[in-house]
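I have a structure here, written as structure tokens, and I will follow up with some questions on it.
Letters A, B, C, D, E and F name the chains as they come in the text, with residue numbers starting at 1 for each one.
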Amino acid sequence: MKFISIGEILARFSPQNFEKIVQADSYNLHFGGAEVNVAVSLANLGVDTSVFSVVPKNTLADASLRYLKSHGVDTKHIKRGGERLGLYYLEEGTSIRPSEAVYDRKYSSISQVDSNSIDFIEILKEYQWLHISGITPALSENCRILTEKALKAAKSLNLMVSFDPNFRSKLWDFETARDVLSRYMQYVDVLVGIEPIHLKDGNGKELKEGLSMNPNFDTMDYIFKKLNEKYNFKVIARTVREMHSSSNNSLKAFLHVNGQTFDSKKIKFDIVDRVGGGDAFTSGLIYALMEHFEPQKTVDFATASSAIKHTIRGDANITSREEIERLLGSGFEIKR
Amino acid sequence: MKFISIGEILARFSPQNFEKIVQADSYNLHFGGAEVNVAVSLANLGVDTSVFSVVPKNTLADASLRYLKSHGVDTKHIKRGGERLGLYYLEEGTSIRPSEAVYDRKYSSISQVDSNSIDFIEILKEYQWLHISGITPALSENCRILTEKALKAAKSLNLMVSFDPNFRSKLWDFETARDVLSRYMQYVDVLVGIEPIHLKDGNGKELKEGLSMNPNFDTMDYIFKKLNEKYNFKVIARTVREMHSSSNNSLKAFLHVNGQTFDSKKIKFDIVDRVGGGDAFTSGLIYALMEHFEPQKTVDFATASSAIKHTIRGDANITSREEIERLLGSGFEIKR
Amino acid sequence: MKFISIGEILARFSPQNFEKIVQADSYNLHFGGAEVNVAVSLANLGVDTSVFSVVPKNTLADASLRYLKSHGVDTKHIKRGGERLGLYYLEEGTSIRPSEAVYDRKYSSISQVDSNSIDFIEILKEYQWLHISGITPALSENCRILTEKALKAAKSLNLMVSFDPNFRSKLWDFETARDVLSRYMQYVDVLVGIEPIHLKDGNGKELKEGLSMNPNFDTMDYIFKKLNEKYNFKVIARTVREMHSSSNNSLKAFLHVNGQTFDSKKIKFDIVDRVGGGDAFTSGLIYALMEHFEPQKTVDFATASSAIKHTIRGDANITSREEIERLLGSGFEIKR
Amino acid sequence: MKFISIGEILARFSPQNFEKIVQADSYNLHFGGAEVNVAVSLANLGVDTSVFSVVPKNTLADASLRYLKSHGVDTKHIKRGGERLGLYYLEEGTSIRPSEAVYDRKYSSISQVDSNSIDFIEILKEYQWLHISGITPALSENCRILTEKALKAAKSLNLMVSFDPNFRSKLWDFETARDVLSRYMQYVDVLVGIEPIHLKDGNGKELKEGLSMNPNFDTMDYIFKKLNEKYNFKVIARTVREMHSSSNNSLKAFLHVNGQTFDSKKIKFDIVDRVGGGDAFTSGLIYALMEHFEPQKTVDFATASSAIKHTIRGDANITSREEIERLLGSGFEIKR
Amino acid sequence: MKFISIGEILARFSPQNFEKIVQADSYNLHFGGAEVNVAVSLANLGVDTSVFSVVPKNTLADASLRYLKSHGVDTKHIKRGGERLGLYYLEEGTSIRPSEAVYDRKYSSISQVDSNSIDFIEILKEYQWLHISGITPALSENCRILTEKALKAAKSLNLMVSFDPNFRSKLWDFETARDVLSRYMQYVDVLVGIEPIHLKDGNGKELKEGLSMNPNFDTMDYIFKKLNEKYNFKVIARTVREMHSSSNNSLKAFLHVNGQTFDSKKIKFDIVDRVGGGDAFTSGLIYALMEHFEPQKTVDFATASSAIKHTIRGDANITSREEIERLLGSGFEIKR
Amino acid sequence: MKFISIGEILARFSPQNFEKIVQADSYNLHFGGAEVNVAVSLANLGVDTSVFSVVPKNTLADASLRYLKSHGVDTKHIKRGGERLGLYYLEEGTSIRPSEAVYDRKYSSISQVDSNSIDFIEILKEYQWLHISGITPALSENCRILTEKALKAAKSLNLMVSFDPNFRSKLWDFETARDVLSRYMQYVDVLVGIEPIHLKDGNGKELKEGLSMNPNFDTMDYIFKKLNEKYNFKVIARTVREMHSSSNNSLKAFLHVNGQTFDSKKIKFDIVDRVGGGDAFTSGLIYALMEHFEPQKTVDFATASSAIKHTIRGDANITSREEIERLLGSGFEIKR
């Protein structure tokens, strides 16, 4: 099954050694972006993957392509042009100090691209799975059109479509996001995360309003069923994260498939690099679905994939299937 | 309200990556010193601050001044002269291994300065708040005279005077410290920390003797009241630290103001850099007092200021008021 | 004499250890910008300096202000606002491999600022010297208006005005630059560098056309005199650089003052950091003029100031007057 | 009491900053090897120590000898020759991600050495204590012969002999290891760790089979007594490790001496460097036995020695007796 | 034109900051190998390239494949198996101190491979150019057979075959190398470097004996013609290196094509990383031949390709055609 | 022949990457001291060496002893006590920027030692060669007495005594140095360097006054003969250094032995680490004299020893005899 994702390649500059931005003079550079992370993580699981994006003609963008290629991600659909590579500065938090992102991604190449210049039928026809996140339409009006065109093309070609709403309050407001993203849901087979998707009851009241950050099984089962009534997804999944501190979290997940809800075991972990944790859940989920794992194994595998990502530097989960499965079986001794 | 502190600028050399001194060949350099840390932390909260100190005429001392200036601390009252900048080597502990300081601060410029050459009335007249700690008089006989002169001048100019006794057993013995510091208490408005200040009952017995490291509210209330009977402070505050390990502590604080005692919530945290944790409590306290926070918010703000400092590299709390308040409200997600 | 410069604060990200951008994953961050460099370098020579600029409200911009303050540069005239801090990626060349800059400075805060919101009379009135470079008007139409307003205000307040044309081909074309910059010359007292300023003979032919990169004394004397006939500068200076390789250059300079031309001795040097080399010439020149050095010492001092900058990491010449003068007298032994 | 150990000097290359091997381009190098670690740790406790080994004639091997000498370990019995220094790549795990070792130690100099060329009587005669581990015979057939010859020589010279079975599944299989190592037990006085030593009941069933990873006191007492019935050791000791995660463990130990069993207090700790943790137990034990500590102090001291090692970079426990004893008394404040 | 090379992937560990191996504790890791370097360098020039090799199944070998893929080199013909990845430690010299390599490549996977398991017809059929060097047959008898089989298959498929004799005295002796390599010459179209190939006159005397390290044009012309008489190459090329120091060299080259000899201009350069300098000559040469450059441009381009490699960290020349051509036109100013 | 030197162990803190002290926040630590460097360098040549010194009882001093032991230097005569380890900050210059040392060595343990507590007869009796430099008596009056006592003891025991006057203007003035050091000359066999030793003609005029920094052979021959007339040395040697820049020097040397003068070839080199360059000349000279090299080889070997040291990080020449001899034969190719 060949996979493609569509999204922005982002450069991340992080001060070294947990320094604050205001005091740092050396930075690590990582490449990522939500959809890119899913592709790279899937490639590490052995899936044939590709990314569609737009990056400028400069050496920093060249470096981002080298990163993708090093993981075996096909870059042939990445267009070169526009003015700049989106970037952000990430001050990595630890303990009681939260991480803080300074965005500098406006005017990026993909946000300015004219979607008329892109023939998504031509691009997508050799793939069986498309993944997009809600960050792409948040970038610009151009990107909203581009996202919709891509989703429609995918549907017409019968690709499996997964979508992670991924709301970013620094990019757009919640109301707009909800309206735009909900419109896309008709093209989506696999929904990863449930916010900010419209789910109104008969009186126009949002059913998810007031939902606990840590909902119980019955509540999630109820919400999933309501979502499916409305949008008719094949699969819905979401994670629930407890943040004991910036560097210690617990994660569990819920999965809804064939009318049934499953929940994973909860995993607690210290954090080496928080970025891409959610994307590693998505990649684990897509992989499990591609491999037709049982639902229980699917939700456990996706959760373990996410958990282990938090212990790895960089945005992507460069972990093999064997390593993820070993975590499910646990055991922390040095292998020697 | 313009603030000045008086104290030694110390260079700290720490092995990188938690190496032991006996094995290290690369070191990080940080500048600090208890009173300097309070000034730099206050400057980061937006207070107009200055430091009085004495440093030699060499480029290492120049670097220490650059550090102060980078945070907006006024250096115009820092005298140049003497033989050396005080320094210490700090082996940073972690987990069950404690940190260890090798002092090399003897013969430092400030310890040798002739206090007759300093006109504290002239220096202090443009400030409204003076802070000193018990480390300064511990440095040398010269510094004891200097401290007393400064306190008297401050009093005569009607400055608010805060004092942190900060006992250091490698610099002087407990008895001497207690006698000297207790004599200064007549000039002090805000006392931060209660040891090693004399507090005898009618029989000449020290009331604080045998006081638990983790006293309860009533005990602290009693001690505070007794201290105030004797010394008539405006404010007394102290922290109580539980050391679960060298890299994980809990902190809470008690505050006595207007005859009433308040205690903060307890904050537990992992430690990135332990140095300056106490000074960040002091800076948080002074800021809260300057801003006329309510007593409960004052003690919580000062405790949060101290806690968050432990997650920041360097001696000072380079954290904004907003970030400290956010910690009080908690939430550890990446801001993006 | 109080000095102010107007210009953009730029962040520079450079791969560590001479790596190429395409292979780098750790970067050093330096702050600079042509006019900023002149201010910081002058501050290191002991001059009271200030910078006017516009930077966004984020922590990276905070860091840039900390940099200025650490050198004692006054930041009170730096406005906060706009979308982004201009930045560039610098691949540092060495030997036969040239350095390469990837600009990402479009849409920076200063380039978007509305010059109507700035009262330059109010800002400049406490200074005696204004410095601007040709990079500022190259940033945007807004900045061209801003530059002209600043120059006019300076003139009306009788400030000494120095100007470095500093042509950047990645920002605008030569013809536009020449037209715009030449118009500013009426406000300029000290011109540093002679391109791309109009200098036509009677037939409208550019006299500097075809001028050797390494002109002799008589040619420079002739050009200077012609320039002065037309623009009536107080001082003209320029450097001539021979590039033996990316890491080894020679530098000499010519100075025209009171109708007379002087040339410096030539200095050959290996390069640690090329950026800011020209700005260090300017700062050396301005300092020498402020201190009323003799013309020969002026041109030698400015040249040595530039040469020594090439051996220092960062954009600015953090070298004292004594160190520059020692270079003129030479001697390379360790001082111990 | 002069101590000598026999074993392989191993080079360990570990990616920096917890990177995975697949992404790393800079590595830290540490020297070690189980028996070497015991010698270096004992030297740090003040014992006169030596190592017998074989390393090739190249500069990497020279570096390994410099390491030994820096700790005062005598290297005069280290032979030079053979083809290569054994090495391994260690991907350091953290949190829920386990460490992983890639061995590249085949064909190492010691594994190829002809034991006929070695006169162990001559070598061992000036020592009172010999230590070997089960890794040495696991390296090659040559090394099995060498180990046996050394043990016999030690016995004939009346040295105290300690042995750590140290089973490594990547080097040999459990059955072979058990057979070979059990044969050596007749020469052993102090056994550190009980697997994979034969301990059959009358029916030929292994008594240790099915033994809990976390056995209780009575079970250990029973096993120790049975072992002593069979092999007649002077001392048996073993640690029990609970792995809460790759970076947080608890450790306790059991000791059997003079027919009596003792257990240590349990110590929980975060891990800076896991390698050599077991060897630091052995060195602590040997030191305590050499110093004739009481049994309870012996087992506590050895356990604390192991625990503190986990907080130190490198393979050996470069901790003084005072520091280990301080841990037993606890207290995590900076010493200043 | 699709290119494939056959050879060993080598890991190189170099102490950081020009430290000697005897004192280093941190190392940089680079992947290379003569034939691999040619492939990676060609890929950076835009050629479709592949490598045939054998590497073990471990994560260090995985990392080597990631390196190849990051440059777009196809790794589908790289077999997994055998015991170890060949490696060496490189102490980088500088100035008057030479570099020194400690080889540890014996028993590497490719050296042990059974060439009967490889179907070179099947592998090579989709390529038009094969490159091998004399290092491969130096590794083992197996590799000599493998090399010959590959050369024969290439010939039968009509591939262009280039060969770099690349004599390594630490791997085999000169006489053996000369005999083995000379036998291969019948399959070679492009010879890069002329030693240690047999070239006897009528009396059996080696014509190249006593040849100056710095031969003049006529001598080279004569040797080239004699070589062609004997072996009938399409192209012969060689470089001549003058070593002014370990960190400063000059390079020029001679090319013989269509019966005519050409020599390049000489380029002098400082050295950042010496490894792969020769391979970058080969890649430049092959690229020029593929692109049908004129002979003079061919030899200049190849020489510039080699020269610029010496300024780049890592084994391969990650330089574009434009950058190489720019060097031929020179100019060392920052491009901004 | 067993060697001992007497002197101060100095810690050197240098900013990394050629940063200036005023901007650095990470430092490398090296241990050295002129006499220590000679001992360590000789140990690397295979000589049995020891150092007499006094260092405080702290972990930084422990680290300095580990450094000595790692090179095989015997530390049994190093006394523990006093207040501090002498140290200095070295800003490493490059190109036209000179290095600059900030001394902080006052009150060091050795400078305060009471020489009555030392029995030099007891210490020196097992050695055949003693080396001291003029830095030791420059430290304090105590050290002057100590130096004289040591020299007398050595003489009485018939040791070969070498002395390097090593004038340091930051420690004492030239006149005092000359008077004190000249008095020691009666005990000296081998003088290394000729300043600031008294050499007056009949009229009391200093013969060396006005001597060129780059004297010719005849001048040196004359001076040497005059020195020998007065002091009756066995050997006199001195180097002549030309400083083309802070990072490029040339070195040659003159040797006087048995009434004859010899000069070495001149070696030009780039500098990685300048410190200890002179001490490596001394160690090369002493080694050559111990090995009874011919005079010409002696002076060439000592000069090469010094030259190669400049390419090695750290204070000592960790170079083997073979490597030094290879430099004399030259050749800069990688050994592989």
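Rule of thumb we're sticking to: contacts are C-beta pairs under 8 Å (C-beta built on N, C-alpha and C of every residue); 3 or more make two chains touch, one makes a residue touch a chain.
Computed from a prediction, not measured in an experiment: that's the story for all the values here.
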Contact distance in steps, from subunit A to subunit E: 1
Which chain's mean C-alpha position is the greatest distance from subunit E's? B
What's the rotation angle, in degrees and to the nearest 5, for a C-alpha fit of subunit C onto subunit E? 120
Taking each chain's centre as the mean of its CA atoms, which one is most distant from subunit F? A
From the C-alpha centre of subunit A to that of subunit D, how far is it in Å? 46
Touching two or more other chains in subunit F are residues 20, 22-23, 25, 66, 100
Touching pairs here come out as A-B, A-C, A-D, A-E, B-C, B-D, B-F, C-E, C-F, D-E, D-F, E-F
Which positions of subunit F touch subunit D when the two form their complex? 66-67, 69-72
Which stretch or stretches of subunit D touch subunit E in the complex? 13, 16, 20-30, 58-60, 62-63, 66, 83-85, 89, 91, 100, 102, 104, 106-107
Enumerate the contact residues on subunit E facing subunit C in the complex. 267, 269-272, 307-308, 310-314, 318, 323, 326-327, 331-336
Okay, in this complex, where on subunit A does subunit B touch? 17-20, 22-23, 88, 90, 93-101, 103, 168, 170, 243, 245-247, 274-275
